[in-house]
Amino acid sequence: MPDETRAVPRLTLVLGGARSGKSAHAEWLVSAQAGPWLYVATAQGWDDEMRERIALHRARRPPPWETVDAPRDLAGAIRRAPPGRPVLVDCLTLWLTNAMLDEEADLAAEVADLLAACAAAPGPLVLVSNEVGFGIVPENALARRFRDEAGRLHQRLATLADRVVLVVAGLPMTIKGETQ
Amino acid sequence: MPDETRAVPRLTLVLGGARSGKSAHAEWLVSAQAGPWLYVATAQGWDDEMRERIALHRARRPPPWETVDAPRDLAGAIRRAPPGRPVLVDCLTLWLTNAMLDEEADLAAEVADLLAACAAAPGPLVLVSNEVGFGIVPENALARRFRDEAGRLHQRLATLADRVVLVVAGLPMTIKGETQ
Amino acid sequence: MPDETRAVPRLTLVLGGARSGKSAHAEWLVSAQAGPWLYVATAQGWDDEMRERIALHRARRPPPWETVDAPRDLAGAIRRAPPGRPVLVDCLTLWLTNAMLDEEADLAAEVADLLAACAAAPGPLVLVSNEVGFGIVPENALARRFRDEAGRLHQRLATLADRVVLVVAGLPMTIKGETQ
């Protein structure tokens, strides 16, 4: 591995609001490394709106991007990534949604397993997630639980991460680690 | 034009949450320039709550503020501003709302025209907008579409802007350009 | 009072989203001072979900934390704190909710009294509050009014504060004052 890659953060968490440009920023971070790059997609095509969003995301990633779908076994997909391959996970929010909607899932165990996979990953690994906690308390109980789980997951990942970035209007604010 | 104005950003985007003090901060940025200043108001008085907010905003702007209303033709109002006149647009969120509620509007064309007007404006031009993407996904489809359109518009304007500021609790965080 | 405490901010405002780690960060700020520390809790156990959250918060605070409950008379609790005692108020959001739900309350007078108590407090005083203004406009009128009141309160407290911190994913972003 060449010397200049030593400074590349092993684990980066990219947070942002809806349509903040967080995915594009994360792709930029990953594609600054030597390819090929692995894109781990967590979206599930539940409805037309979601399928349209997936299609838009895929259109942005021609080779040397390689795509794997991991709507449920995200920890496994991270563990199966070839060592040294830059990995982009887009996004944790959808994975968490899928896990919470799976009534047979043990969410706490799955979160712990995901954290273990991220902690063990050789990197560079870039995780994208939606920051969803800056609005009024949702009236819907599931939505309240979702933002609690998302917030706790982000805190735990931020502890593991070498770099945490908050994207606003396409612009990255580095809140942990060195500014790129 | 005196030398000291060379450092004034031509285009500034001021983002902030509800009641974040973003309008007051933007007015402070504009009024730090030599007046008179042009206030481009995009609010439409649909109901009592909105009319009350408009009145409160107007009360804060005695001469040398000059006010023009542009709830729909914002690009035109920006183009018609006298060259060299500092311009404040408050706010993009309401303009976007008005455009989306106008069923005969070609939104993509209007957004492109607005971006062209901003790109061509001599400045200083300060645009205020609400950051609305940091909450839970709205249940309402129109609200989801609105925050998508707002997020995309902010990203495109941030690319054009010399300075982007995020206001939290009345305090400006500079996320692009020089800290003022 | 030893010299090294001179640099401790008298008044700190800690803002953050839901599950952002803002309470834990505020406790860290307070507990970096010599104890005992006073925890002013504003939560009211309206329902099981809230009572569970209160219990979780209390479990994090063994002695030398001393806890007082002030769901309504927060200004009084701040004034009654022994001089020199580090004080943590968690959180303003719940106090504001309680005050707004009290139909006999004069909210403007209570807010003014709270601001006066904070301005007069010897400190160190750390106030925790939820930033709730970065989502879509709520459909519920009370929620809209709440986020307006919260935003205005935050702006006024930020003016008084020596330090304002925005917590994202457990990480503090200093937006006023010295980075700790």
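A, B and C label the chains in the order they appear, each numbered from 1.
Definition applied: a contact is a pair of C-beta atoms (placed from the backbone, for glycine too) under 8 Å apart; a residue touches a chain by one contact, two chains touch by 3 or more.
These numbers were taken from a predicted model, which means no experiment stands behind them.
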Chain groups still in contact once subunit B is set aside, others held in place: one piece
Shared interface numbering between subunit C and subunit B [over half = same, under half = different]: different
Subunit B and subunit C: spacing of chain centres that average the CA atoms, whole Å: 31
In subunit A, residues with contacts to at least two other chains: 17, 131-136, 147, 173
Contact footprint of subunit A on subunit C as seen in their complex: 16-21, 49, 131-136, 138, 140, 143, 146-147, 168-171, 173
Parts of subunit B lying in touch with subunit A, wherever the complex brings them together: 13, 15, 17, 131-137, 139, 144, 147-148, 150-152, 154-155, 157-159, 164, 166, 173, 175-176
